[in-house]
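Next come two complexes, and both contain chain A; in the first it sits with chain B, in the second with chain C.
== the complex of A and B ==
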């Protein structure tokens, strides 16, 4: 077959661009980082790893150790909050239950940096909560303050319990209530049936949530960045090494972090795969147990309201601070001078818009690319019959295991010189590197959502449409698209909002021309323009909330499914 | 083993009454069926007996013990669920042994009893099989073994056959009855399939909208439905509305179309009376005015050619060949009459459009007030 005929094959038309992009922006950068980590001052060898694992200067190992410990802690804390919440909301009925259960996913609309900032202003040494308590009780010192590793853990617990909550709720909804009744009927007490039936059936969901929280926590950057102080974290170390110009150690730590993440991913995946149960049809409807008794109901209501306050406090804090005039809040417990100037500048200062426009532009471009590549790859992996489907699946999912710092370092290393994949251009320092990072980081979100949608799509539906006389395109438009649409859309919007608030890769890759909202927030913060920083944060929150609400409305809950 | 008594049992879901005052007694060792269309409250009753839900009012007694509010796990009942509700993360052995584990039965005894139970349902040797790998019929039998291995006082079956295909359903139905007889357990069986209920039950309660419309032995219910609902539900009975007229000592049922059935002929071979059958079901009472309903089994009506007294003329509108029998619908001046003929009979070859006569034996007609 000559080249021309090869190019005319429809398969080639799909595979060549797909391969080009995956190879160029995922495989090649990662491989190059691995290669570069093997050079120390021009010398090939394991010198860099020697330094990393050197017992005499344990600072690198310490970072790894702390990252792992904090991740384990985050998993435990998130599970401790998320699982009981899911159990309570699924099994009991009390006033306000549906409102509380909807509000429980609130932390998910907080972009990483924004959430951390809210915690900083709320609970840190100069934070409002400890100092309000101090003033109220007339204490000499604030009763507590949040910093270091505990602050990081708490922020993680707050933001990541949602994974456990969502996964466990979904799994509980999926369990046939008749199975629990069967256990009761056979004489099992509540606790015995929970231990022997419910818990084992929740295992896959728990494994999924553990995996997600552990990886998110390993990769977490903003919480350590703000709170860590002298504490070392692997993801943060990579950033400081790069800032100090020590690229050799930056890439070495990148390789260690990636190896760790990928190993963990595969280990959990294997466990997950062994423990999937297809549930038969539902035997009986799920009945929530009504909480009776005045005191019990009052207690449930009070606990619910307390939960809502704690959950909403970060959002409200950011909103409050966005009205604070820059430079007026210093030693007072609460800010004293309020103004709407921070928003007023929206309409007066054209440069105010720039970061927002940048973020929107880059989110649109990167998400469009995610959809093009992610949906195509999902279709090929789920419905295709060619060899190498597994490889394609793995390739697209690799960025999922890669921390944002790693993706950024990979791209810096790969595109600090011209390559065929960038058509000979040096991308470092250009507008394009950051959208590429967003594209790579969020490709798995769209891919997972789309493959889930394709997997649920019965092939015979399309065949039925064809049999009834529909052409390929008509069948696609009227049958396939409406069925996969909600799932794909949910994934797309999730990728979009994640890109809007992205911080980790941004801090390593941004240039002035494409500075995103998160970087603008950070730079205002560094100048103590708390009001301006918060105003940006509120706008970001609004954008994210609107998109997520719309997504939820359009797809009726498949956004949650696409997470799992 | 236990006798079960329901005392004016009611259940409301959010103020909607689902069970409206049911009182009945299931005898020790009896196979008792709750039969009715979906939404009639039969499953709700079963779930109250199992203890998954508690009645709004009324009591449930096992023998003389009031168990109305006893938690489900302390009732010692064995239940087979509609979808079997097997624990998907356990093997066959673990599933069957579950109830013994909660009863803290020793390991060796557990092994023996599980093996015996599996042997009883014909699944010996499948102990280590994961449940999802079993066929539907096998899963059904694991569910049965799991329910009987604990030697329950009461076996509860919630439409256990509805997920099986037709052939397997009959086989399993007979197996369940055989097992229940062998073990002598009281069984309460919920189904919407009247044929199933007729085949296995000692007694049947026919339910409609939370009320028991008839409680009797299968043959009595089939032959002498107490009301239109039961007559319609128990099979393709002819059911006509009309009035009763007395004419020179004879009682005649008259349909609006003019079709008349003489009811005064001596009643041939009434169904064997049993002690608990209400007397009024044996012979219809003819004393009141107003509309009445005539119910007639399609097997009782006969196609014929002679224009003798007690026959009406009509035209065959449909003919369905069923193998041993042929089902006809005959239009007799505006009344559709369902008739089942023996396929070997002389009239079985009649085709749609043929003019025929139908003999309606008055002595086999049932007059219903309600």
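== the complex of A and C ==
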């Protein structure tokens, strides 16, 4: 097809802006960073990589090694918590089951920085839990304390098992119980049928969750930032290198981190592709086995309550902290002096609303762009027949593999001078760079949610409507939209709340005009106003919970599916 | 029932979105008629809000905006924004940061009216930055467990096995203050021998006694207050402010052999958008009255030599400290190599 004919195609109208945005804000910044990493003091070559892999200066390699190890650990730990939990809640019936299964997603409403803070006050050496145990048992020293790598791992396990839990539950619900019955009737033991029937059917869900946890963990910033003062972690190293003015090494580490994450993304997707099983159901309902016997029921109840307490502790800790007068809680096990001043001070501060307004503002703008681009791209990838579909799919998904630090560095490098993509404007230092970062980071969320929705949409429905005389728009409004609506909305709200609490890209990109909630919390922390920081965190927590619970309810769980 | 609940949830979400939009565009911040001066500073609360109020009272037509962050963060930010500077005044950072920024052409020269009241070591030859206060790194301790008598009295005493796993340090790589202190420890021998080896050996022994490196000063103070560690190294002014404001159980010892005293400075950011008001602010926070105020309330020792003795706060009279004799130019050139070496070869190896 020649260029002239191409330009006359109506879909050029869609492709050109789409291509412009993807090229300008994802490909170009990443390519520029790769290019810059090849220069060392103006000299072209692999000098920077030489330093990275230099055995005499092990700090960079150590960072990479730790990042990968912690990520693998996080995947294992999250799977160990999430998968059994999903199995129990899907297969057994006991009092309080539905409440517990809903509460199990609680960690997800804890924004990154806030969650880490809660863990610090709970489980660190001077945290409440070790001190309580110490006092109760009359020990000389706290029995345990959370520090360094283990602390990071535990925080990850707590916040990320949710992905395994959600994905596995959704997949288990989709398994036809008749298949299991067939296996049992053929004489398989329950372990054998689990291993050879259930587990293979769970593969796609497991791969999805593994991918998500691995990426989130490689990306993790606040846990290593707060917990392990000197612990080397690649995403943290990038920040420190930049802070110390070593931009060459910052971009080099950025490239290495991206390469690892993208390689992992494609490797996992290939693995997933080889292990797809189609499920043909006859619509038999999943039967849960009732737990019988008084002791078993009591035990299940007790375990459930213990679980809820553990899951809720971080949230409660933040709430508690927001009422503690600063400086009064030091060597005591529990805080002694309570006050509502922390909230009072916040509301009196004339600039109090600004960070909240900024965050909402940027979340709205970036999410709107995510929806426009994400839904269009999803439609094209799922329903389109053109060549380059795979490429489009890959392009939109690449930010999934790019940690927040990387996205931020890419944007800084690309837009510290005017470019055609920013219409000649320097975007560094402007309001717009941070919303663009939110947009890039959360595009895959909307995209995945929308593609899942489009995939379930049967084209013949729209055709039928058209055949019955409906116009295109009428058919879209009355048939297509109601069908894809919940999925798209779920993705949209998830992108929205994630943008509200975003921390990693924010710390590198914010300016006065757009300083977001997370930076305000950090600033209060820096100035030792832990009470005010916690009060702010409680507000953020409320905001996120409302939106997220609403979305989960609205979409009847498709928020979870859309991620897998 | 089900549909009604779904409808309600939809309404709720719509409400959140609408309020977001309304908030976002409804109440735009800032008064368009006022001029603006943007200040980057690590001074935080209560210093920044206080001077914002004072300045705006004196100049009602100017709106002071400040961003609070660590001094190393300010340097990084000014560097990142080089092509489109957002800040006007950089108020507060160790001189080493300013020397680096000046070398990179990030600062704009300005000669304040009080320039002659300053000794040459407190200022840049080309007027790109001026020292405002002297900050003294001291040995801090938890006074519920230790007293001035039982706490380490000098730097070398920190190496005593008695303090093994009782010292908490703010992770030095990301902190201008701690970089200066650690480099200062190396400087003690480097100034005669011109090799850092003895300093490295000293820091290795300190590392052996260090229990933990805290992510930021706040974490360090928390660990100290909660007795995770009993001893630390930090700025006297910050420690005193913690005690004054929150009643934290801290006290400090000025090391007997002296200290690498930091010069805290002020500068105009190159190509700032509001240079005139920036100068106004610069002069305002460094005039005699406000220098005295900062000394009295925030323990910041003035660099200006022209402050009348009787106006200086009483605590200054009791304080005696011998500053290390440091060639700051050489010091800041060497410092990054030393700190990189420390990070690669000393940390967690002692």
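Observations
Note that the second predicted complex is superposed on the first by the 546 of 564 C-alpha atoms of A that agree within 3 Å, B and C clash if a C-alpha of one lies under 4 Å from a C-alpha of the other, contacts with A are read in each partner's own complex, and residues count from 1 in each chain.
Please note the rule applied: a contact is a pair of C-beta atoms (placed from the backbone, for glycine too) under 8 Å apart; a residue touches a chain by one contact, two chains touch by 3 or more.
Owing to the predicted nature of the structure, the values given are computational and were not obtained by experimental measurement.
Three-chain overlay on chain A, with chain B and chain C fitting side by side and no clash. When both complexes are overlaid on chain A, the residue A:326 reaches chain C alone and has no touch with chain B. By the touch criterion defined above, A:137 reaches neither chain B nor chain C. In the superposition on chain A, A:412 makes contact with chain C only, not with chain B.
Looking at the superposition, the partner that touches the larger set of chain A residues, chain B or chain C, turns out to be C.
When the two structures are aligned on the shared chain, A:189 is found in touch with chain B, with no touch to chain C. Contacts of A:363 after superposition: chain C is touched, whereas chain B is not reached.
Minimum Cα-Cα distance between chain B and chain C in the superposed model: 24 Å. Taken together, the two complexes place no residue of chain A in contact with both chain B and chain C.
Residues of chain A touching chain C in their complex: 56-59, 124-126, 147, 225-230, 240, 242-245, 326-328, 330-331, 351, 353-354, 356-357, 360-361, 363-364, 412, 416-417, 426, 428-430, 489, 493, 511-512, 515, 523, 525-530, 543, 546-547, 550-551, 553-554.
Contact residues of chain B toward chain A in the complex are 47, 50-53, 71-79, 81-89, 98-99, 101-103, 132, 146-147, 150, 156, 158. Considering their complex, residues 5-6, 9-10, 12-13, 16-17, 20-21, 23-25, 27, 29, 38, 44-45, 65, 67-70, 72-73, 75-76, 79-86, 100, 104, 144, 170-171, 173-174, 212-219, 221-223, 225-228, 242, 245-249, 336, 340, 343-344, 347-348 of chain C touch chain A.
Interface residues of chain A, counted against chain B in their complex, comprise 176, 178-179, 181-189, 192-193, 196-197, 200-201, 203, 275, 277-284, 287.
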